[in-house]
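Two complexes, one shared chain (subunit A), two partners (subunit B, subunit C).
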Partner chain A sequence: MSRRRWNQELPQGTDLPVLMPSATRIARSATVERMSGFFMLRLQPAHGAALLLLFLIGCGVAQAQAEPGHPSILVTIWKWTPLLLGGFLFNLAISAVAMTFGTLAGMFLGFAQISLLPPIRKGAWFTTHFFRNAPWLVLLFYCMFLLPFQVTVFGITVPIPDWIKATLGLALPVMANVSEIVRGAVQSIPTAQWESAASLAFNRRQTMWMIIVPQCIKRMLPPWMNLYAILTMATVLTSIVGVAEMMTLTGRVLSAESRPGLLLAFYSYVLFWFFLYCYPIARWTVRLEAKYAVNH
Partner chain B sequence: MQSLWDWFRALNDATGINLTILYDSFDRRRFVSGFLMTLRLAAICIVASVLIGIAGAWLQGSRLRLTRSLVHWYIQFFRNTPPLVQIYFFYFGIGSLLTTTSASGSAVPVVSNVMWAIVSLSFFAGAFNVEIFRSGVEAIPKTTIEAAESLGFSRTRTYLFIVLPLAFRISLPALNNNLVNLVKTTTLAYAIAVPEMLYVSSQIWSDALNVPVMMNVLLFSYFLLVGFLVWVMHRWERAIKLPGFGT
Partner chain C sequence: MPAENVQPIVSLRDVHQSFGAVEVLRGISMDVPKGAVVCIIGPSGSGKSTLLRCINGLVPIDRGSIRVGTFDVHTLHTDQQKIALRKEVSIVFQQYNLFPHKTALQNVMMAPVHVLKEDKDEVHARAVALLAKVGLSAKADAYPGELSGGQQQRVAIARSLAMRPEVMLFDEITAALDPETVKEVLNTIRELAQDGMTCMLVTHEMRFARELADDVYFTDGGLIVESGPPAQLFDQPQKERTRAFLSQIL
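== the complex of A and B ==
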C-alpha cells in the first residue's frame, strides 16, 4: 500500500489543477447510481415525440398493407385499448406491490447493514449483495419455478397465482437495492452529525430517528424514485414467464387479429403508454435531485 | 477426481440433491461451456463497449456538426430503449436481412446469434460509456490541453496521452457501475438462444428435472461472478483514485 502513504504525504490533498465541474457531476451521479443499482433515467419530451412518430409510421405501414375489407388501423387499436389498458394496470399493480414490499424489507435490511452487532451487519451485507449481484431474470425464474403453486396451511389449500410469484421475484432485487440506498444515505451523513448528537446526550436510537433519518430522506428519494421507474419498465419481464400483463396481452391481440403489419403499431403503442407513465416520474426525480444537490 | 464425482452421485442417491453438473460428464461439459460463454460474452462486450465509449467521446468533440449529432442520436437510441428490444432488433430485424443461401438451398444467417448478442450488448453499454467518458473529458481543464498543445502534441496525441488517462481516472466509478450492469445484462442473450449460463442451465434442468438444485447453482454462480467483478473493480478504483478528489 505504498500508494496510500504517498497520498497522505500530500499537503493539500491534491497536486492537480482544479478539475472542471463535470468531474463533480459524474462523481455524484456515479454515487447515486451505485446506491440505486441503476443508471438514472433521463427522459425528455423528444423521446415521446420519437415514439409517437414511430407509432404513426407503424400505423401507416399497417394501413398500406391492409386488405380492402379491414377496418382502419386506428379503429382496431381503439377497439383493443380497454383490454391493453387493463393489462397496463396489472403492470402498475405488480410494480406497486413489488415496490411496497421491496421497500419495507429493504429498509429493515438497510438498517441491519449499519447495525452495531457484527453478525447482523454481515448477514445483512451478504443478503443485500447476494440479491444485488443476481440478474433480475434469474431471480424471476427462481421465484416462478421454486415457489409452489399452492400452499396448505392448517388444512386450507391456498393457491398462489403466477403474478404473486412474479411480484415476489421482482421485490427481491428491489429489496436489495433499497437496502443499499438506505445504507448509502445514512453513511453519507457527515460524522459530525453523530458526534454533535452524542454530545447532546442523544442515544443511538434517538440519533438515528430524530437526526440522521430525517436528513437521509432527501438523499434517498431520487434514487428510490428512479428505482421505481426502472421497476415499472422491468414488469414486462414477467411476460417471459407468462403473466397476463400488457406485453403478453399485446402478443395475444396480435395473434387474434392475424393481420400483417400490426407489429410496429401495437408495440410502439405499448411503449408509448410506458413512456407516459415513466416520464413524469423521471422528470420529477431529476428535479428533486437538482433541488437537493445544493445541500451536499 | 473420479472419487469426488462418485461422492456427488452417492449424495444424489442418499439425499436427492441432484448435482448432475458434477457427476455427469456431459452435463459438466455443458455447464462449463455455458459458464465460459458467459465469461466470453462479458469480456468481449466490456472491451468493445469501452472502445466504443472512447471513440464516441472523441467523436463528440469533433468540429463537424454531423458527427456530433450522429453520436447524440446513437446515445439517445441505445440509452432509452430496453436492451431486450435492442437484441431482438439486431437478431430478428437486421439478422434476417443478412442471409446467404447454403448448398442445400436454405437461408443461412451470415452473423451468428452469439455475434449479434455481442454486437447489441456492446452497443448498449457503449452508449452509456460515451456519456461517461465525455463527462470525464469535459472535466479536464482547458489549460491542461493548451499546455499539451504548447508542447507540440497533436490533437490525437493530446487526447490519447493527456486527456484520456486523466478522464479515465475520473470516470472509473461510473464506468464500473455500467460494466457490472453489462455483465448482468448478458443473461438477456438467453432470449436469442445464445448458450450462456442461464440458457445451458435451463437445458440441464429440463433434462435432469433438478430445477431447484440448478436454480441455486445458477444463482450462486452469478453471485460469485458478479461479486468477483465488483470486488476487483472497486479495488482498482481505489488504487487509481485521483488524490483528493471525489467521495
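== the complex of A and C ==
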C-alpha cells in the first residue's frame, strides 16, 4: 500500500467540452471512491424491480415444485416473516453498534494519522492499513475465537455473547475505513486554508476544530453513509460464526420447511429487505455528494 | 507622506530564504516607514510573495533579520509571540482564502473573537463597520461562495483589518480578478493608504503603484535590483534589467 495523497485531484481526462460533464462526474466519483476505499452503492429503482422479479420467479418455482398438501409459498413466507424480520432488526442493531464504535475509534485514529508526532502518526497509519486491508471475515473469526466467552472482573463473571464479539469484529474494519475517511477529508482541504488561519494567528488546534473540521464534515458524510450501507450488508457475515441474524434464521427456516424449492424465493426475500433498507441510504448519499460537490 | 526621520516600522536586513536547494531570497534589505505605501514589483518567481510571508512569520528565514514594530520576526517561536506579531501585521492573499463555511461577517469576526479573545459585541460592531468600509454591508450574511471574486477579496481585507494591524501586506490581491473588480479592490486599498495604514503590496498594477506608492522595489532572482520613488523608478530606471522588465509591462 503506497502512501498516496488523497487530496490530489484526479486529472479531468478530457479537453472536449462535450465530454466534460461525464468526465467530471467520473473523476468526482473516482475521488470519492478512492477516499472511502469502496465502490459507491448506486442503487436504482430498477435494481429493486429486478429483485422483485427474481422473488416472483422464485415463488413460481416453489409453487411449481409444491406437492399436494403444501401451503402456498406466499402463505409460508408470511408465516415466517415475523421471525425473519426479528433477525433483520438484529442485523440493523449490529450495524448500528459496529458503526458507532467504529466511527468513534476511527475518528481518533484518523486524527492520529495527521498528528505532528511521528510515532503516533506512524502507529495510526499502520493500524489503519492493517485493519483496512485485512479481509472482514478473518477479523470476524479473530474476534470470535480469540476473545474469551466471559470475563471476570472483581469476582463478577460477565459473559460476552457471540453477537457482541461479532459486532466488535465488524467495528474494526469500520474503524480503519473511518480513519481513512477522516484523514482524506482533512488533507483534501486546501493548504491555503491553513495558511490563511495561521496568518490570522489561529493555532493548530483552533485551526483544526474551527476551520478545517467543519469543512470536512460535508466531505466525510457521503463516504461515511456509503460505508454504513456496506457494513449493513456485511452483517450477514456474522451468520457464519453463528449469530442468530436474518441469514442464520433463513437457513433454519429452510431446513425446518425441508422444501428445496423454497431456496430462491426465501433468499430473494432476504435480499429484498436489505435492498429496502439500503436503497434510501444510497440515494441520499448520492444526493448529498452531488449537492456538496457543487458547493466546493 | 511619512517624515524622513521616523523609525521604520518594517525593517529587513540581508534576508535569505530557501526552499530545499532553491534559494528564493538572496539578501533582501529594505526599510518601510510608518504610514508608507510600498510596492514590490518584479517577474514571477522572483521571491515577492515569499518575502511577504517571511515578514508575517508564515515562512521562516535562513539568515538575516526582520523587524516589525517591536518584534524580531526571525526569533519568534511560541504561539503567543506569533499572535502578538500577527496583531501587528496582517496579510491578504491572491486567492482570498476566506473560510467557506462562515458568512462574510463571521469571517471578519472569527479571529478577533477566538484569537484575541475580545468582547463579541464589540467585535461585531467593528466587523459591521469594516464591512461598510469595504462597501459590503449588504453582503454581511452571505457565504463566500455567494460572493464575486472582488467581493470576497474585500471581505478578506476587512478580515485582516479586524485584527487592527499596524502593517498590511497584500500579495497580488488583484491578480485573480477581472479589470472591473480590480478597480473596486484598489479603491479600498487607496482609502486605507489615505487613512495612514502602512501597506506593502506585491502587485502587477503598475499604474496603481505609480499613483499610490511612496517607494517601489523591483526584485528579480531573490534580490532587489532597484528601488526608489515611483517617478524615478518608472521614468528613469537606472538598471538595464529594470528597463527590460518595464518595457515588457508598460
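For this structure, a couple of remarks:
As a convention for this text, the second predicted complex is superposed on the first by the 267 of 296 C-alpha atoms of A that agree within 3 Å, B and C clash if a C-alpha of one lies under 4 Å from a C-alpha of the other, contacts with A are read in each partner's own complex, and residues count from 1 in each chain.
In this section, a contact is a pair of C-beta atoms (placed from the backbone, for glycine too) under 8 Å apart; a residue touches a chain by one contact, two chains touch by 3 or more.
Please read these numbers as outputs of a predicted model, since none were measured by experiment.
Of the two partner chains placed around the shared chain by superposition, subunit C is the only one that A:Glu195 touches, whereas subunit B remains out of contact. Partner contacting the larger number of subunit A residues, of subunit B and subunit C: B. In the superposed pair of complexes, A:Ser258 makes contact with neither subunit B nor subunit C. Judged by the touch definition given at the top, the superposed model places A:Thr31 against subunit B, while subunit C stays out of reach. Judged by the touch definition given at the top, the superposed model places A:Thr152 against neither subunit B nor subunit C.
Using the contact criterion defined above for the overlaid structures, shared-chain residue A:His129 touches subunit B, although it does not reach subunit C.
Look at A:Ser22: by the touch rule set out above, it reaches subunit B but stays clear of subunit C. After overlaying the two complexes on the shared chain, residue contacts for A:Gln215 are found with subunit C alone; subunit B is out of touch. The interface of subunit A with subunit B does not overlap its interface with subunit C at any residue. Against subunit B, the residues of subunit A that register as touching in their complex are 3, 7, 10, 12-23, 25-27, 29-31, 33-34, 38-39, 42-43, 46-47, 50, 129-130, 133-139, 141-142, 145-146, 188, 233, 236, 240.
On the side of subunit B, the complex with subunit A involves touching residues 76, 79-80, 82, 128, 132, 135-136, 138-141, 143-144, 170-171, 173-174, 177-178, 181, 184-185, 187-188, 190-191, 198, 202, 211-212, 215, 218-219, 222-223, 225-227, 230, 239, 242-247. Residues of subunit A touching subunit C in their complex: 192-193, 195-203, 206, 210-211, 214-215, 295-296. Subunit C meets subunit A in the complex at residues 56, 58, 79, 82-83, 85-87, 90-91, 93, 95, 97-101, 110-111, 114-116, 145, 159-160, 163.
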